[in-house]
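Shared between the two complexes below is chain A, which pairs with chain B and chain C, respectively.
For the complex of A and B:
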């Protein structure tokens, strides 16, 4: 056994945050091993001592101590290192030559549960997931108190281990889908998982799909609702959100929180989001089509006004549109990159440029600014940032096609996007399904 | 899983595309009075054939018509499927070419014809490449997006009607039966319901609901013919190539910022037609894939689309389209009457054989 201690020392001893201490409680002489960066050592010792104290009167003191301290196990080097890396405290009882793995007091490396940063909630629970996977699991358990909720923990990665948890409601979810998913994750357990692209690949899904394969949410309430609808939730350690599989088109328009409003209001809010998406897709393309290719479709008065507002603009509508759209994208990108204190500056400068200066300088027409504003605003009505990104990308397809074919191009672009949406599926479940019905997953 | 909704949307959309585009012109050209009789004869034939077709298909659950015909033996399969392949090919070419022609006529005067045809073919090909279920889902999405527009334009098309044009009521000699435009009018029916026989292994549907859809579409046939008649009168209406589309150009709505509502009608119909073309491409690829199973069916889609495109390029003017439609008449009636009847007869035969074996 001493050889194992030596081995552990050899492989971990060159870490300055690794400790190997001698410690005595009563008759027992121990060696404590662990990482000082992951364990609050003082408190752990205290706890250990308190614990031992309770058992002092027993007949065979040391054995009961070992049982009380944690799990008595036989270790090999690989396993020992895994446990230490995982933040466990390993006790070695020198006289008895036994290893005990104890659950120490961890040092605080997680933030507290806060309100969400990427999603806003009106009239609803505002606690959001954090980086710690166990806390997240606990939050879901707290949200859905049901014996049907099942959790499956997995470990992925060969050199960097990452914890994954699959959660599902076994009375609602399609068990075939769940087993297929778990099997897929297990078979790709040597994949490193550090980001969502890795997760997509580990699940065996195409990383080239522009529409994200999972819906992400920071809110336990949304996650719980998804479980109730038979979806599967995937947690990845160190990611402060739940990945809901599969992602369906209707998720773009609905939030569980909508149901906290009366039904007519809920319906209107959702209709508004649908209009938002359609406006984002259609408005820029329609402008290009009507100005450049099919002005005769418009009322003559309107056509003249538009022509007047474009007077002096030296290039075709498509260039004008793409030019301004890209500036707008740059503003959005810049305001996410910047620290919060400088962010408003960008908004202000951008606002001035877009609002007035460009028009006065006759670089673009008035109407275009209105269209742009409408597009950007309506783009933000989509639920989920990842969905709004996809829609943002698709509008360019329509703009370009409109420039070539006018209104026909606009509609053809819409057909193309519809066809693209129809072709998507996750584990055999089509992106366009409104509900996840059982038995839908086939030969995915 | 029951996908009746997908199926009826598919059927309804492809029918609408043809009704408002070709059908009204053909019927108005074929007779000068008593159009309703002409419409009803067509509709009854169509209804009967769809019913017969589904009845026949009902004898072969989970089989498509290709395997039904190949079940009869190789010779029979070639005999039945070869005309079908020709029909689908020619229909595709006619449809693409005619729609592109109309688009250039109405609002893309400066865009070359080949560019429009290429757009239609590429998009249809893309839809077809994604497989049959994807075609159906696209159909549902298109229905949600564009059906409201179509219904809206149909509602406002009644703006200038004068019901006195309904008279004379009767064409007693039934002269229209012998006129080529009347035969052409059946292209609205033929081909639209064929897909029901191809999708059985992939998509389940209830025949009753399809029949209800056939019935629900009846008013649209009458609207497409009678609204232009009520607006222009027979003598004027018969001079137009696409009466319903011309009719939409005459509609004026104060509160709408658009001047030409035709465009929206026509474009929505074009999107429905893209769906139809993709369905035909898929059907063709299925048949050819069965002949050469080694080649992936997606390659067939690409090849067929390319051949269709080249075929379209060879047609230089509207008269050639007309003559192509004319040549297609025989095939059209074969598809409209021959295929449903043959499927039904084969179905009855196979049932009798099973019964005999049982006895």
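For the complex of A and C:
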């Protein structure tokens, strides 16, 4: 057994945060092993000592001590390193030559449960998921108290191990879908998982899909609602959100939190979101189509006003539109990159100064600025940032089609996008599937 | 391979679209009114173009001649800094003399060319076009769409004005059984335009003229809503708030007979000398029937079926004989009109 200690020392000894120290409790002489960065050693020792103390009265033997400290197991090098890396404390009883794996007091490496940072909640539970997978699981368990909730833990990655958890409601979810997913994840357990693209690949889904394959949420309430609808939740360690599979089009418009409002209000809010998405998609394209290709659609009064507002603008409508859209995207991108304290500066420079100057300089027309403002604002009504990104991308398809074929092109662009949506599916469930109750998956 | 195919398709979309021919709205001239007249076999085209100049609209009248309408427009377009786009034309003003000669060519050109929308309204101008347009230009307000608003149902339209569109004139040219009435306007003394009456068009040629009051009846017969019209009689004036028409047709040994019942719902607005409501009703019925019969006699004489009565007989007259509708059947048509008035509301007037 001493050889194993030596081996562990050889492979981990060059880490400065690895410790191996001797310790004596009563008659027992121990070697403690672990990472000082993962374990609160002082408290762990204290706990160990208290534990021993409790047991002394009844049976003052080392064996009972070992049982009390943790799990007595036979170790090999591979397993020992895994356990150490996982933040476990390994005790080696020198005289008995036995290894005990103890659950130490961990050093605090997680933030506390806070309100969500990427989503806003009005009138609803505001605790959000954190990086620790076990905490997240616990939060879901707390949210849905049901014996039907099943959790399946998986380990992915060959050199970097990453914990994954699949959660589903076995009375609601399609078991075939769940087994298919778990099997897929198990079969690709040698994939490294560090980001969502890796997750997509590990699930065997196309990485080229512009619409995200999972709906991400930071809110336990949303995750719980998804479980109730028969969806499957995937947690990845160190990712502070739940991945809800499959992602369906209706998720773009609905939040579980909407149901905290009276029904008519809920319906109007959702209708508003649908209008928002349509505005984002159509408004820029419509401007280009009406100004450049089909001005006869406009009423004469409006046509004259638009013509006047474009008087002196040197570029065709499409160039004008693409130019301003790109500047706007740059502003959005810049404001996400910047620290929060400088963010407002960008908003001011971009929004007010640039917007006004660009009109005064006659680079673009007034109306275009209105259209752009409407587009950007309505783009933010979509639920989920990942969805709003997809919509932001699709509007360019419509703009380009409209520039070529006018109103007809606008319609063709919409048809194209609908066709693309209908071509998407996740584990055989179409993206356009509206209601995913049990058993409906096979019709999708 | 698939990506390559997609790329090729995307590039073809670019190449084949022809989008470089698109002209932005600020490089197009958008005339609202087009005047057509004919002198010595040449077309004389007037375009009324509103132009936005520093927050106000100015009106430009452009004139051009050519052997065809397209030729004339082309010449105008060549001389203007922007391209002329006829799609926004809302009103076409035709010279009365030209209308009397026959509009078939012009209307067919409009329908075929598709430059001018078939929904465009057609009117006839009762004076010299030059004088008309220069007066319009002087008097027109800052909106620049006055002539169009004059015929707009939610703006200046009145039930005495016939509304006829290019496609309806085209239909009249080619239909056996239906003609149209085109409003006649001239420049007014104090207003921009003045409504004179309606021209009766038979197969694309103006053959007769009816007055404003007769046009009102014509509109009622067409089931065009005549709401808002104040009917002046000896004793009272009423507001027509609704009208409906029931028609019964039969063939009486080769002679068509049409019985129709025009129901008017009216509200009394003004009275003179304390008439009773029965008196008002009776007077209204009589005067309307009389007026209608007078108009109908005139129409029958000109053999122009602007009321579209022939439509009701399409089932009863065989197709082979139908083309003689205007010449054989229509002059023999017996029309029995019964006007029924319902007084819905006497207002605050106390009537017996």
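Everything below uses one rule, namely that the second predicted complex is superposed on the first by the 433 of 444 C-alpha atoms of A that agree within 3 Å, B and C clash if a C-alpha of one lies under 4 Å from a C-alpha of the other, contacts with A are read in each partner's own complex, and residues count from 1 in each chain.
Everything that follows uses one rule, which is that contacts are C-beta pairs under 8 Å (C-beta built on N, C-alpha and C of every residue); 3 or more make two chains touch, one makes a residue touch a chain.
Since the model is a prediction, treat every value here as computed from it, not as a measurement.
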item	value
Which superposed partner A:316 touches (first chain B, second chain C, both, neither)	second
First, second, both or neither for A:155, with chain B first and chain C second	neither
Partner chain(s) touched by A:307 [first = chain B, second = chain C, both, neither]	second
Which superposed partner A:411 touches (first chain B, second chain C, both, neither)	first
First, second, both or neither for A:292, with chain B first and chain C second	second
First (chain B), second (chain C), both or neither touched by A:419	first
Partner chain(s) touched by A:403 [first = chain B, second = chain C, both, neither]	second
First, second, both or neither for A:432, with chain B first and chain C second	first
Shared contact residues on chain A - chain B and chain C	293, 296, 298, 300, 404-406
Sites on chain C touched by chain A in the complex	13-14, 17, 19, 22-26, 28, 30, 32, 50, 52, 57, 85, 87-88, 90, 117, 143-145, 148
Contact set on chain B toward chain A in their complex	1, 103, 107-108, 111, 115-116, 119-120, 123, 126-127, 130-131, 133-138, 140-142, 145-146, 257-260, 263, 267-268, 270-271, 274
Chain B-facing residues of chain A, complex	293-294, 296-300, 302, 404-409, 411-412, 414-416, 418-419, 421-423, 430, 432, 437, 439-440
Complex contacts: residues of chain A adjacent to chain C	290-293, 295-296, 298, 300-301, 303-308, 310-311, 313, 316-317, 403-406
